[in-house]
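Have a look at these structures, which come just after this line.
Shared between the two complexes below is subunit A, which has subunit B as its partner in the first and subunit C in the second.
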Partner chain A sequence: MKVKVISRNPDDYLRETKHDIHKVPRNYDPGLHPFEAAREYTRALNAVKLEKVFAKPFVGNLDGHRDGVSCISNHPKRLSVLISGAYDGEVRVWDLPQKLCLRSFVAHEGVVRGVIYNPAGNHFLTLGDDKTIKTWKTAAPQFGEEEEPVNTVISKTVLTGISHHVKDPVFATCGEICQVWEETRNEPVRTFEWGVDSLHDIAFNPVEPNLLASCASDRSIILYDTRDSGPLRKVVLKLRTNKICWNPMEAFIFTAANEDYNLYTFDTRNLKKPANVHMDHIGAVTYVDYAPTGREFVSGSYDKTIRIFETSKGHSREVYHTKRMQRITCVQWSLDNKYILNGSDEMNIRIWKARASEKLGPLKPREKAALNYSEALKEKYAAHPKIRRIARHRHVPKHVYNAQKELRTIRDKGKRKDANRRAHSKPGEVPHQPEREKHVLKEDQ
Partner chain B sequence: MESDTSENYEDFYTEEDAQKHEKLVDKVLRLNKTQHIRKPSRTEPTLQISEFNLVKSSGGDKGSVEINDLTKSLRNRKSRLRISENVKRAHKASHTLPKPLEKPQANKIRRTVAYEKTRLELDRWEATVTANRVSTNLSFPLNDDVKMDQKESENFASMWRVKSKLAEELEKHEPTVEEYHISLEQEEFPLTMKEMLARRKEAAKLRAYQGYKEAKARRQNKIKSKKYHRIQKREKIKKKLKEFEQLQKTNPEEALKKLEEIEKSRIEERFSLRHKSTGKWARNQQIRAKYDKESRQNLAQQLTLSRDLTQKSKTNGSSSEEEDEDVEKAPMGIDETNPWVNGVKPGKEVADFISGYRKYWLEQNKTAQKSDAEKTEDVLENSENVDSNLIKLDQPESNKNVLLKKKKQKVVTSDLSFDVEETVEKLEKDKKVPQKKKKQKRNEQMNNSKSTSEWEVSLVENGEAVEDMFKRAENKLKKKMLRNVKQLKKKLVPKTLAKLQREVAKDKVKVDLSLPIQKKTPQIDEALIENIDAEIRSNEELSNLKTILSSQTKQKPCDIDPEKYLKINPTNLATAIPNIVTNEEVDDQRAVISEAFEDDDIVDEFNKDKSNEADKDKPKNINLTLPGWGSWGGTGVKVNKRKKRRFTLKAPKKIPRKDDNKGFLIINESAQNKVKEHMVSEVPFPFKTVKDFEASVRAPISNTFMPETAYKKLIKPAVTTKMGTIIEPMSKDLLLNKNS
Partner chain C sequence: MGKVQRYFNKTEDISPSSKTSPSKDTIIYNIKPKLKPWGRRQSDKVINKKKKVVKLPNPNPKFKGKVPIPKKRLKKYARGEGINKTGIKTKIHQKKFEKKEKVIKFAAQQAARAEVLLIEEEGFLEADAGETTTQFTQKQIRENVDITAASKCFDLRLEDFGPYRMKYTRNGRHLLLGGKRGHVAAFDWVTKKLHCEINVMESVHDVCWLHLETMFAAAQKEWVYMYDNQGIELHCIKKVYRVTRMEFLPYHFLLAACSDMGYLSWLDISIGQMVSQFNSRLGRLTMLTQNPWNAVLCVGHVKGVVSMWSPNSKDPLAKMLCHKAPLTALHVDPRGQYLATAASNRELKIWDVRKLEGPVQEYKLITAANNLNFSQKNMLALGMGNVVEVYRDCCTTATKRPYLRHRFTTSIGNLNFCPYEDVLGVATAKSVTSLLVPGSGEPNFDALEANPFQTKSQRKEAEVKSLLEKIQPELITLEPNVIAEVDIPTLKDKIDAKQKLLHVKPPKINYTPRNKAKGKGGSAKIAKNKKIVQEQAKKEFVKSTKDFIPKLNIQKEQQKESGVLDRFLPKKRKT
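Up next is the complex of A and B:
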């Protein structure tokens, strides 16, 4: 007689240590799982809902300034240090994790126009309306010592902006003219001039550090080469550019924050038209800063909101606002790609998370895997209307909502008019003009 | 006089005397009231010499000292003869440098050159950037090997060293002075000799390029010649035309725009009086034209110019009739002396040709009268041979519209002329002698005429036979056919060709390394749905009713009730499922059913059901009256009837339903609603077909349906960062080839 005995190999169902996952024998035959897609869809829906539940981007607030914050700067080597200048000439050094002010002193008479660390991080430079550039030590003065600049340079011309070379002890300022300085010298090493208009912002290219870009009050963006030739090219837009920022991972890309509520991403090699137009703000964009990954950038605006854009897309993926936050003067993306810091007109510096629902702190591997999974699901089902609605829904203040509605009607009107003109004129006479070709007036050689 | 004396006594004067003498001369000169411009003199050594003092001396050339004069004094001695010679040679060899370009122009050149250079430099990043953009998961910081800062490590080690007592003591006495150090190292990697040379070479090249450009600009600025400018202009026009043609192929839209511009200029020309024969100059020329050949030509040119400019530009697909006309017009005699006659192109070449042709024609007339009929036949044969040969020759060059006409028509093209001649000669050597002479003569004449390649010229011999006319007609037909075929080909081919060219053009502009996206996920690039709180909580029913009301007017119910007309035979669907039910069976079943439900009125019941269903789905009136708003409220107080009527939103009495006219059919319209709101209405961006998108959705990613390894790969995030690590901007080291 034959007796059949059930025998199982314990290797098949027992895990080696308790830290392993339980072994679950599964049959992956898709025929056995008729509701795969439906189940995943439900999971995606839940994930996107949970994302909204956890979306609490506001981290903290640094208060202490007695006037609007005009500029802020990250420390190039340390994540916990921030430095800020205000409209009353005060400069403050902050400890970010503790939200404490470490140092505060009046650096300039009048507005502090720019603050920047040198690449080593042992000194910082401030720039004021009193036409001086002051160098300060990062280390706080000893007890009994007075706050004194290490070096003061009095400039012949008005100064409005500063940018430091990534590695070398060289920095550039702008004002009436563009000047390149060496830290050890009291006279500019080079000066560049093209036209007579004053410049209000300047930025060194972090990847190709001999490239400089500045924006002038005649609505133009000017490119310079610091090595020998000086000015290279000029692009004139329809309205003034307030701020430019280079992409830290793509040498030839920069983004300009414009007065006409839009941001323009340019490819330096083809300035005839912007590579991308980013629209969503409903007020003049005052500041822009790239994430250190170069994939995204953050912009602050006169409409009291901060928006985060993906570089390749024309619309923002996130909008931040609070009731008491006024006009944004400056925004910075922290160098670990986790936080966004912004200074505003009403004397506060705010700290935000770069991804609103991200969990901070160390994660367990399983937690991390679960989060990644839900992220992947959201991506996969992004086009489905329910998920899309939840993922893209944002609450905005009334003034933004109303202004947006107004803007939309204005834009629709323009479009309608164009369409009508096209319909009632000879074919080909009123050609369709793509959005990207509308904003650049000319490219000067 | 003064100068003579001063020369003589120069040696004897001391410096004081010289000054005194100068003063004296001054005084004497002042007596003369007229003001002299004196040469500026320097008393102090300065670094900066004013450019205003660098004038030529007031006394003209006499005042300045010339080296030649100085060397004259050396000629007496033989040993110094060499020096003077050298000086002379140097004088000959040297020439003054050209005036530098004007500043704005020079700056512009410099800027363009520099920009091109930086653009090339930036192009080096293209590969890296594209690779990063395309890659599905990147982890930052990018460079894996984290470099330890050497100095930092040194300090780090020294922190742990135990200091000796002596050292501590010393530190107390000499507190370390904190120094403000700035490293001035420019280059992280010192250049090798080779690299340095290369760099220098590059700089020199750049300078040379710039210099070349400057020189060219300068040269062109200087030229005053009218002829040169005319030629330049013509070249420009030619270039533009070429560009336009290119544009037509690559970018028809742009070409259209350009064409419009041309049209505009034509219109402007038409309503201006330029190039008309009404101006003063033209009238003068007219007067002179009687006697002067040149003025005649001028006038003719002017007129043709105006005609050219005011002529409507021909469209590409011009009808064959026009072309035929052209062909026939060309041989018509153009009166050279009369500029008003419609000469198509009174250029020199054409005029030459025509005169030659005339001569030939006259001669031909004479010889034709003399010659016999036999001879002519022979000629015909001969020419036929030649022609066939020509055609053979032509075949490889079929693109160049060389037209050949059989029998008594000859085409001489500049491209072919040489080869043709040879073949003709060869052929004729074989044939009889008398014809040979004639032939050669003809050929010579033709070659004299030097017609251009684009011109089709046909020679018509006098006595035209009817046969020839037929043949000509045949030829024309053939040509037409050929042309049609060509046009068709053009239509078929250029699309792909244009595409290719466009791509090539793009490549020229910048390096394009775009790759297909590896992982396809829907990309949503649209504005956020931004709302204020109040907007979210809206009355669902109300909004439903509103949508119904708004959409009501658009729908047109159809009034045809199929029941009233006739019963339609069932149509068999083209399905793979076999039609098992036969007609007989159906009839049987029907009979059975009707027997079973004989007493029930099924139709009536069904209709009732249907109307019930319709009622259920019908929107109800909504009462929006607020009790107590504008009138007394409370228990027992009735709401005013008028008010109630005013504030109720009335639903339409009849809403068109899908099953309205479908007879015995009830469609539950709300059944789909629950699923519908979850369904995607259009294919999202990177996907092109519904099939692709469905496939992407169907493939699961979770570990419930996938093995663990696949799952891990599928959920890898696009960007990962290390906690608490600073991500530095990309550095140039990435571009270095580390292997070499």
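Up next is the complex of A and C:
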């Protein structure tokens, strides 16, 4: 007879020394792994709960300004440098990892309207209410030297916003009119005018550097071309736009932060209706900035909250708020896609994590694998009601919660009214109007 | 232009043997400068080695591409067909699902290919021509097998403490035995190291390992006691009274018990709560087994009916009339495909438990089988009085002859195949024996599920991980993977719900009105308000059902034309 019985050699299954890792033989036969779906569901539930446990987005704050912060700007080449301007004309340069102020000086008499670095990062420009544009060196002055601007330009009109070209030593300012300057000249190179209204904000397109967008006080957004053509198109919305930001990855997409609590993402090829309407704020949206990946953006609003949206979705994925944070004046997404910085009315600049439950610092390969697995599980089971409920849950201040309820009843009432009208009139009389078409009034050439 | 010969590359010239006549004073250095990294920047420190792509020559140029995977093996690892693509409306979503399907298919292929890495092979027992496997005794098998395997066959003579019951842990490494007169012992049967041996001074009806070899439960005369593997009593669970049989559901951490009074109880041992306890109204329950595929308890009854219970409902999930005579034993195979039942009229039937369908196989035995157990490789062990018979492939084909047979001196109390080993453990009235059954155990275990070679630190980690993955008892149903499917109520239910609308009346709201302040209220106002509220509720109901009712195609009674001879027509009775 021939007989064989299973006999395992323990040497194949046990580790040799205590400094080795354990031997883990695997068999992927599904019969040996029952309850696959239920166990995976339990793991997904745990992953989503742990995400909430580890969601501690606030990293720190930069203290020092003596009046509200009006504008902040990232250094294009260094992740640890931040520059901010305040309502009393003071400009401060910060070191983010140590949360220290490296330099501080009074740049202007009046509010600092804009602060921006040049692409090389060795100079920065500040714009003030005293109609001046000053250029300063990034390198701190030597011991004994005083803070002196390298160049001062006095303009004839009031200036409210500044934006720098991606590569060339060219920048644009807006105020009563839109002006394009060159770094070496003291007079604007080009001037654009369309209508008689003043402009609040201006932005150079980082991908297609000849395009400029600005928002005017006649509730419109104007697109300019710095080559010969000049002003191109104008879109008029229902309420005024406060800030425009171009998508750093796509040449033709920009997002406008509007007073009517929404953000509108437009495609320049089709300005008749926005590509997306982002609704979630309960106060006027004052600032918007894109992430370097171009897939998400952060918006700060008058309702003391910061919201992070994805460009394709209509509702926010995250909301940050603090009792001490008052009206938000400016938000920036750091260039390593990890942090969000915001300046607010109450003299503080706060640093937040872009992904609230992310672990900072170097991750071991097993940790990374485990976190990737959790992310995949959360994505797979995102539609399950229990998991969606936990993932969606955010604590929000009482005034925001009550205002959200109110806005919801207002919107429901509008929908109900429309539905009643449609139900009681001839079919076809009251057509369905998609949300995106409701917000643009007209488009001008 | 050829390469310039550098002085340090010309090594042949400097060797002393080739030199014509070195003078005494000259010292010859043989320097071979290495290609060192230069510079201070990170990029300078890396020596650029161009990666050479080495293409191995194809040993069989006739066969291109990767080795094809046999279809049967791929089917084992495939998780069903994909979704029906015609149901998806937009192209973007179609493309998304196509990508997902590709990944799932690739995963199945990789798992099928990974079978090459399994190191152990199944056991076997082959008879030569003219012999049958049935005639081989344990002694003969022991003599023909290597020494480690032979040591797995042992016999413990325990004569004093009554008929025994025994159980193996999930990884098949530790054995727990309990005698009727109170003897309880736990030991590692491979190394023969005793963990504990105690006498609980009461009758023990059943023993059961909990999630690890560190804890076990004993169903004693009145209540269930839990012990540490050192024999220290941890808990006395008074909520379960006179338990006859116990089963442990490992992935849910539930200890299921059936009692003398007909109660079924599920106790969660991780949080210490009784999840569910109710009377099954079947009288005394003595036959209990679990279906390892969906964690449902199968209870055998004297009426020949097998009922399936889950902690979520007080009624059985399913009932099967298996035999015309009282059941004596039942067991479900580890993959949850077959249910074997034996009755007192010497019948043995194999049922398909996934479809809950009619007997796949039927057998007639010599005597009634009192114990049944399936092994991991679908071998069935029958305990009939003093004799144990092991059948191979009895589920798919009608076998005529047992694979192996063994006779004991006393009657058999309990039978269990050891997981991951070719061993059958038998507890009789006066002994606990371990028999060799080649080919019954799964040779390759998955260390992340059950590891016979688990060290203490691995055990601790595994305990924590399994607790985190503990499945909630609400998910115990006949279909274990229903949580991953979309919840579509069946069409029939939808039609039923709509039909009900015809008969549903508008809700009548009756309430006692609040006491209002002096000046407000007054009986007339109260009555008026009440009427307004009731009218509003009625209006809303009518509005919401207005759309559905015309679609249900109520055929209106047509007006018959009245004639003179109408009185002779059969009267239509009012329903």
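Criterion: the second predicted complex is superposed on the first by the 420 of 445 C-alpha atoms of A that agree within 3 Å, B and C clash if a C-alpha of one lies under 4 Å from a C-alpha of the other, contacts with A are read in each partner's own complex, and residues count from 1 in each chain.
Here is the rule we use: contacts are C-beta pairs under 8 Å (C-beta built on N, C-alpha and C of every residue); 3 or more make two chains touch, one makes a residue touch a chain.
These numbers come from a predicted model, not from an experiment.
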Between subunit B (first) and subunit C (second), which, if any, makes contact with A:Gly31: first, second, both or neither? second
In the overlay, answer first, second, both or neither for which of subunit B and subunit C A:Arg269 touches. first
For subunit A, which side has the bigger count of touched residues, subunit B or subunit C? B
Applying the document's definition of touch, where does A:Val3 land relative to subunit B and subunit C: first, second, both, or neither? second
Between subunit B (first) and subunit C (second), which does A:Arg39 come into contact with in this model arrangement: first, second, both, or neither? both
Between subunit B (first) and subunit C (second), which, if any, makes contact with A:Phe143: first, second, both or neither? neither
So in the superposed three-chain picture, is A:Tyr13 touching just subunit B, just subunit C, both, or none of them (first/second/both/neither)? second
Both partners, subunit B and subunit C, contact subunit A at residues 26, 28, 30, 33, 36-37, 39-41, 43
Which residues of subunit A touch subunit C once you look at their complex with the stated criterion? 1-8, 10, 12-14, 22-43, 46
Which of the residues in subunit B come into contact with subunit A in the complex? 108, 110-115, 118-119, 121-123, 125, 129, 132-133, 138, 140, 142, 180, 182-184, 186, 188, 253, 256-257, 260, 509-510, 521-533, 535, 677-681, 684, 693, 696-698, 700-707, 711-712, 714-717, 719, 721, 723-732
Within the complex, subunit B is touched by subunit A residues 26, 28, 30, 33, 36-37, 39-41, 43, 76-77, 79, 123, 150-151, 166-169, 183-184, 206-208, 211, 223, 225, 228-233, 248-253, 268-270, 280, 292-295, 312-319, 335-338, 362, 369, 372-373, 375-377, 379-386, 388-389, 392-398, 400-401, 404, 428, 431, 445
Which stretch or stretches of subunit C touch subunit A in the complex? 76-77, 79, 111, 114, 117-128, 131, 136, 140-141, 144-146, 148-149, 152, 251, 292-293, 295, 334-336, 420-422, 436, 438, 441-449, 451-453, 455, 457-458, 468-472, 475, 480-484
